[in-house]
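Take a look at the structure set out below.
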Amino acid sequence: MKNIRAAVAELHAELVRYGLVVWTAGNVSGRVPGEDLFVIKPSGVSYDELTPENMVVCDLDGNLVEGEHAPSSDTAAHAYVYRNLPEVGGVVHTHSTYASAWAARGEAIPCVLTAMADEFGGEIPVGPFALIGDDSIGQGIVETLKGHRSKAVLMQNHGVFTIGKDAKAAVKAAVMCEDVARTVHVARQLGDPLPIAQDDIDRLYDRYQNVYGQRSPR
Amino acid sequence: MKNIRAAVAELHAELVRYGLVVWTAGNVSGRVPGEDLFVIKPSGVSYDELTPENMVVCDLDGNLVEGEHAPSSDTAAHAYVYRNLPEVGGVVHTHSTYASAWAARGEAIPCVLTAMADEFGGEIPVGPFALIGDDSIGQGIVETLKGHRSKAVLMQNHGVFTIGKDAKAAVKAAVMCEDVARTVHVARQLGDPLPIAQDDIDRLYDRYQNVYGQRSPR
Amino acid sequence: MKNIRAAVAELHAELVRYGLVVWTAGNVSGRVPGEDLFVIKPSGVSYDELTPENMVVCDLDGNLVEGEHAPSSDTAAHAYVYRNLPEVGGVVHTHSTYASAWAARGEAIPCVLTAMADEFGGEIPVGPFALIGDDSIGQGIVETLKGHRSKAVLMQNHGVFTIGKDAKAAVKAAVMCEDVARTVHVARQLGDPLPIAQDDIDRLYDRYQNVYGQRSPR
Amino acid sequence: MKNIRAAVAELHAELVRYGLVVWTAGNVSGRVPGEDLFVIKPSGVSYDELTPENMVVCDLDGNLVEGEHAPSSDTAAHAYVYRNLPEVGGVVHTHSTYASAWAARGEAIPCVLTAMADEFGGEIPVGPFALIGDDSIGQGIVETLKGHRSKAVLMQNHGVFTIGKDAKAAVKAAVMCEDVARTVHVARQLGDPLPIAQDDIDRLYDRYQNVYGQRSPR
């Protein structure tokens, strides 16, 4: 639990570093391994003030279990994801500029970069318009991402949710999502990006999921 | 008074952090509770050199009451707002890029993001073209924002003024204003953002004003 | 001389801070009061390594007078300006992105922002295409700016040169030039900025030159 | 070897400083003088954690010779370049936004800035679409850059590879490539940049290669 608190608190610094958030408008959560609990950002607290201690612990219905602050106002969406996608260990939400711009038009980001094929295995899809306050956002995330290779969804007129095997993987997906959203946007401003054949996308995705990065330590 | 001086001095760092200002072109002020006074940035002093001590105190007519420096050249506009909107405790002025670009076209920012509905409750309106030197700018701000949900106004060909219950709230509005100005601009570059129904805007605004953030400490 | 060396060395940090330069592609110089000399950046030295000691001193023909490094490759242009515009005490050169983009199209930046009227008194003009290696660039700068209110010139397909009463004023002009170049660019991407009447530009310019900032210390 | 390890590790900080990379998506390598070896970034390790010690040494077939981590997944492309271009002492790969956007459209960057003529001697060319996993990327780089003045190639739908006489020169080319990719993009958004005559491009390139920067120390 202590480790998850520390990891979730620290990972918010990556959202700041990559310019994905302003003020308090974005949050990271991480599932507590072996328990029906997750750690999430407290609501309305600035990124500079986050510590392992002021992180908040919730159960999978989004109820506060441990913490001196109220949980993020997006807690219900995170909880719905953990409840319905047991393989997910981390969730991130941001309003990062370029991804949110695609979301405002309700337009999926086409897969025209090898880095996108690597990380997302195809386009980044759009989820429905949904109001905060009940399970609508969570349902929209899960319905869009279930069975999809993409770990990111653009919620219409809203922003991005990403998932991962742990909080760090979800943060990486949020960083990469904004990066490709920006590059494809810039490419499209002056013409049409060239498509990548589906076969090549499949090969890139398969390789990246199985080969990239450090293997076991030695 | 000491607290307000410190808060106003420190809050300028947020304008720098979020890239809303260059050189000395932006300023924060805060009303002194219970007195007909406000604290404001000294004119032409760089953000690195701001301290609680070199902040300037003015009365509600914009006259210098306390301070070794001349007050910001935008002081008359701040003073007019405090004189005419008693519920306002903080005012911010910037020339932030995207908001000023909408202002240069004299075009309101349409409410196509849930974060905009939350914070501004609708579009961010345009105020008149007004010259510095008398009450024209102040009048333009007050006439545009009086009875409007938005805490930000785009002054035509000029920049942004935001208001809030205190200086921090006005700074937050300035940060959010630039953020949504940028995202909606980017969205519009490649097509038309999808509208959000007025009913949904109303629900989001109402919820955010009443539910978001930390309640009383416990 | 020691003060000018320190000021010129330090002012390069402002070019970095505001993102006006990459690698070593930009330079500041300052005239030595009462002497036919100026201090300028050494060529090909990174901004992190600049110190008062490694600054270079040249005469008004651009000849090296003092210093262990070769002077900036733009020294001839700076020298020409000091030789021909005796009121100029500082010169800055950058390839800042937005200003250079206007320069690449050979298009003056129209005065559609009050901040532009304040600082530049009208449009920012374009100078000729000129090769490095003789006085062509210097001549282009002087011919364009002589008798013009603007302290900045966009040299076609090249970048920006700015002048000022001292090095700090020239750096401020470079910072403001990029800021308005970016804002007007962004405004134009989605339509036509509204014009400002010439009378109003004149009033703003006159006021800013005579009223703004701190008067004499007290 | 120790020096090359330290230089390659440190130079990654320049990719971060100029915003050319996010997460772990970019890498620098440097040839070990007098040996058929090169030093390269370990795969999947974050830029903050790079040290001279965790750099990886490979032979010119891309086989791991020394190091506790797996080499960058782009090692085969770096190796192919060192094997086939003996004058190259450094290679850099990034997915920097604006260069990658030109690459996504498969469009060369036209030489419309004097800084581009200086550094690249003409347009920045596009290389073929190539999958990771064999020598395809390396071949595409070498075939495109062999006999070309440009030290940068835009690999279609992928990103940028740059070469140089050492790792630092290749990093400089990567920084300048993104800078001109961005400026020319911005210029093109509002019209057509003016061309530079081939003769002038030739003169600028020749001068910059032979005159710029510090001569031998004295």
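Here the chain labels run A, B, C and D in written order, and each chain numbers its own residues starting at 1.
Everything that follows uses one rule, which is that a residue touches a chain if its C-beta (ideal position, glycine included) is under 8 Å from a C-beta of that chain, and two chains touch if they have at least 3 such contacts.
Composition by chain, UniProt nomenclature: A, B, C, D = L-ribulose-5-phosphate 4-epimerase.
Small disclaimer: the values here were computed from a predicted structure and weren't measured.
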Copies chain C and chain D touch via same or different residues, half shared test: different
Cα-superposition angle relating the copies chain C and chain B, to nearest 5°: 90
Rounded Å distance between chain A and chain D, as computed from the means of their C-alpha atoms: 31
Length of the line joining the C-alpha centres of chain A and chain C, rounded to whole Å: 44
Residues within chain B bordering two or more other chains: 189
Touching pairs - complete list by chain label: A-B, A-D, B-C, C-D
Chain C - residues contacting chain D, complex: 22-23, 25, 42-45, 68-70, 73, 95, 97-98, 100-102, 104-107, 129, 131-133, 156-159, 185, 188-189
Touching residues on chain A, where the partner in the complex is chain D: 18, 112-115, 172, 175-176, 179, 182-184, 186-187, 189-194, 196, 200, 203-204, 207, 211-215, 218
